[in-house]
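Several structures are given next for inspection.
Two complexes come next, and they have one chain in common, chain A, joined by chain B in the first and chain C in the second.
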Partner chain A sequence: MKSDQNNVKMQIRGVTKRFSPTEGVFSIDLDVYEGELVTLLGPSGCGKTTLLRAIGGFHQIDEGEIRLDGTPIQNLPPEKRPTAMVFQSYNLWPHMTIYENMAFGLRLRKQSKQEIAQKVAHMLDVVKMPGCEKKYPAQLSGGQQQRIAIARALLLEPSVLLLDEPFSALDAKIRGQMREELKRIQQSLGITIVFVTHDQEEAMALSDRIAVMRQGDIEQVGTPASIYDNPENEFVAGFIGQMNLIEDAGHKVAVRPEDVVLTAPSEGQDSGEITHIMMLGHYAQILIRTKDLEIRCFLPREQATHYLLHQQVGVRYAKAKVF
Partner chain B sequence: MQEKKKKSRTWVGYLLVCPAFLVMLAVVIIPICNSVLLSFQGEDGGLTWDNYLYFLTDDASIRNILFTLKVAVFTIVLALFISYALALYLRFSTSRVSRLVGHLYLLPRFVPSMVAVYAVINIVKDSGLINRISLLFEQNIKPGFLFDDKGIILVNLWFSIPFATMMLLAGLSGVSDSLVESARDAGASSRQIFTKLLLPLTFKDIMITGTFIFMSQIGAFTIPYLVGPNNPKMLGVALFQQQSSYADYPKAMALSVIMFLLCSVGAVLYIWTSLKDPEWAEK
Partner chain C sequence: MKRLYYGLGRRKFIEYILFAVFILFFYGPLCNMLILAFAGEYEYPDVIPQTYGFKWWDYVLSRDNLLSSITTSFLVAVLATAISLAICLPAAYAISRIKFKGRKLVMFSFLLTNAFPKMGIYTAMAVVFYQLNLMGTLPGVLLVHIVNTMLFMTWIPAGAFRNVHQQQEEAARDAGAGPVRTFFQITLPMAFPGIAVAAIYTFLASLEESQGTMLIGLPNIKTMPVELYGIILDFPASGGAVFAIILLIPSIILLVLLRKYVGPDTLSKGLKLR
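And now, the complex of A and B:
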């Protein structure tokens, strides 16, 4: 399901949570649309988890309003909010079987045994883990546990699903699989998700929109493509993807490595010596040492074979952004 | 040839263990065997069950055993109850008071037991601090704790609560915040989090703490000797009298064996709970 730009699912207005004058989140505004996956992205300490926990009810906010489906929820405790959270660490309850873990919330809601059994079986199918009802969490791998944690949260039928760096403890390969899996589940169920990560690659891969955060503020909100192509400031430019930041007459010029074109030494905007050539799969990274800085350049693999270490080359910037 | 070498090597092993084994034999094994043998010695010097039968049939002795078990059970239940509440507070409250209590709760353990016992006696005895304060208000409150099981239990709590709180707090600290938070997220109330999450996850710690308190009560001497009644008395005091006042060594040995057997019930329970991981903890 495509996200519906006209239908605001969650509205965050002026939300402030202060831990100290410099720690916390300050006056955050954000709209999340129906069926959308929004990522809160930023370095550690930027307030992304604080904001997510404020939405989930685990932090009482100091100021502002959070409306979910039109209703203010900022004063409700977590157990009364129509949100469900998946945490960073594997946090299935270790003394309960997978079935008991998944049925826990439904039992608290006094649903019938038959109904619970049906829903659990269905949800295990959704996360592609049928038949593990009788196992205990310790008998599953990290990736499997996180699938169950997501399934357990989904069974609560939340208005918004909150995920706090859910894949950061998994190894790279499983992490990739889990991203695809989450995207598939989100699209098939049409649920709204707020996802926290510090991994820009993960944010790019998953998100309908990304909110880049720094020091308790949102710096920029937009689709992955718009943030990549049109970063509004130097921080966003530097944080999303690789970026060459070049001083030029008091301005900062930002150039993506793939927009650096290698030319003959006399033809470019600048020139220098190749100090490093590294094959990175289908493309290569070349570092060029100019007078005062090191320029990073990405080239398709076959083109890179034309260059040698210590060769003198010119560089031209096909596309640049000035701050 | 090789066979010979192997044999001599085995002997080196035995030789190395020998000194330690001889020390053990002299100071532990032989005295225990002697004591057990002595516990079966009758007045005529022959072997008999009489010493054991005395403790298991004599009214006063049975009362002593029951009295000891009663004090142990009350101490365990009260200490666990109070300590669990305190540990919950220390684990989940982030207030200044809880941090302060977190630093102070072990202090009673550092007061020498004699000092602590006399401090409690001076407060609760019928002419003690409580009585004197009540006199100021023209009342005459006599707590009646001294030379009574209530007194023993009260002083026991002084020592058991810090210990039990430490054990239970360690157990509760092993339950991560996110486990509790996800239970709240699923809609659980505080009471449901307690019964469905915290209690089952710390059951082992509760059992082990209870066992430790139990064993300390079976052999307790100082506190019941100073605070407890003369009749019935706790087993530690009874043993002291058999040995020092009556100098009836065979009976003292028999009582020691009985106390050892009572303790080993606790030991078995301890080994059983600490060795046997629940099914869910097995990989």
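And now, the complex of A and C:
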């Protein structure tokens, strides 16, 4: 990780925001380091957006403290916080040109016209949309609008950039491009980002660290690799990537499909019949029906061609996690 | 006729007839009014005037009380619109943004003034206004006009405010604008079309309001529609026609200027109960 582990940018301590006894976020602790991209990941209703909005100042928190650059910010209104937020959609003001949209915050800071024009032009270059100052938001595509929204947020030179599912309204191809773009911008500007998403693939692709959330709590925080390889509980194991959850003597054993090895019927830890073979591009998915459950297995395509439907095979678990 | 009937087909033929009747109903009286207004000599039994001219225009425009009623009318309409905007816009904003208990009830309450015969309400108002010495005064007339327009002035702007997404306001706060600046620079401009439509309706409704103005405003406040009653009763139809055209001009100008905004779309959006 390129971020300096000792340099804490934002400290969240015991933050609670209750909408009802079961809805909200409860006693959240999280440190965000300088220059890193942290993703809040979880199913809908887990409180990830609530937490992000609390950081941005759009929810008054009930308890706890949010320190940004060492200063508590939890009692400041959004306009006084050194944060900038990009929403899922409807970020831009349709009655203003792109230039006016982007200059809005800078004008409030009483910067000179020349300075603003220069900064806007530079930022449009950064998001690869030079020369569209005079256009109106309605003349841009959804992806372009989100680029402008990110550019507008970056112009505010925030201490932390908050992104609330900024790509989820875009179609899959553009979403992929935007991820790469965001990663590039983040790395070149060295900016600290908190990113909210329900898409685990997006989280894996973008994040320096991921905080997996469920029902208003953070379940696990770690690098994408550590969360993928060492999920601390069943929920995280099941939510990130594909996972076989096998009941064994009162324990749950979690095995990644790529860690399932197929053997001769007598040699494995378990055995069963192949019920399904599906080509998924460069790898294949094979489903094996054992006595009491269905095991999912990913094999490279070459190997998968050795197996036939209804064949009896043994399964061995190269790597397993017991809960 | 037979040729036309078979040439067009039955269905089309009936449609054309209905359309012609509709046009006649709609534009017939307007045409008649125009002819009357520019008539010079016009005596029974001729269908159209014998001579044309500006005789009645001279007459109407030379009478002080008619001229002053034009001024009064516009003064009342402008004031009523401005005050109504000041009262109803905050209400509309609250209804669209804040999910308080009884929100729908509040919205329905604006319907109340339109649910009863107007004259009944005016009479009841008159009773109260006597005690408050508001009879025959400008504030009294303004109150009557505002009561009439509150439904449009809250519902349509509320619909317009609802179309401004919360994220768009929050983005402005995020960029450093306080709540007041956000309202005036982001929310208000975006809701402008709806507000403009409501303001036009209010303005036009105020221009043509006569019942309440007559009851509350007489004898001191005489607007154009009130004077029109007198003219219709006391003079030949031509005088009334001239005056009616003068009353019509602002409506036409406003509707042409703002035709971009005034449409079934804005109206239906505003009148949805959400």
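One rule holds in what follows: the second predicted complex is superposed on the first by the 321 of 323 C-alpha atoms of A that agree within 3 Å, B and C clash if a C-alpha of one lies under 4 Å from a C-alpha of the other, contacts with A are read in each partner's own complex, and residues count from 1 in each chain.
Just so it is clear, contacts are C-beta pairs under 8 Å (C-beta built on N, C-alpha and C of every residue); 3 or more make two chains touch, one makes a residue touch a chain.
Values in this document were obtained by computation on a predicted structure and should not be read as measured data.
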item	value
Clash-or-fit label for the pair chain B, chain C on chain A	clash
Partner chain in contact with A:P94 - chain B first, chain C second, else both or neither	both
Which of chain B and chain C A:Q139 touches, first, second, both or neither	first
Which of chain B and chain C A:T16 touches, first, second, both or neither	neither
Partner chain(s) touched by A:M85 [first = chain B, second = chain C, both, neither]	both
Touched partner set for A:Q111, first chain B, second chain C, both or neither	neither
First, second, both or neither for A:S168, with chain B first and chain C second	neither
Chain B versus chain C as contact partner of A:S271, first or second or both or neither	neither
Overlapping contact positions on chain A, where the chain C interface meets the chain B interface	56, 58, 77-79, 83-85, 87-89, 91, 93-95, 104-105, 108-109, 149, 152-153, 156
Of chain A, residues touching chain C in the complex	56-58, 77-79, 83-85, 87-95, 104-105, 108-109, 149, 152-153, 156
Complex interface listing, chain B residues touching chain A	176, 178-179, 181-189, 192, 196-197, 200-201, 278-283
Residue numbers on chain C that touch chain A, as the complex places them	165, 167-168, 170-178, 181, 185-186, 189-190, 192
Chain A to chain B touching residues, read off their complex	56, 58, 77-79, 83-85, 87-89, 91, 93-97, 104-105, 108-109, 136-139, 149, 152-153, 156
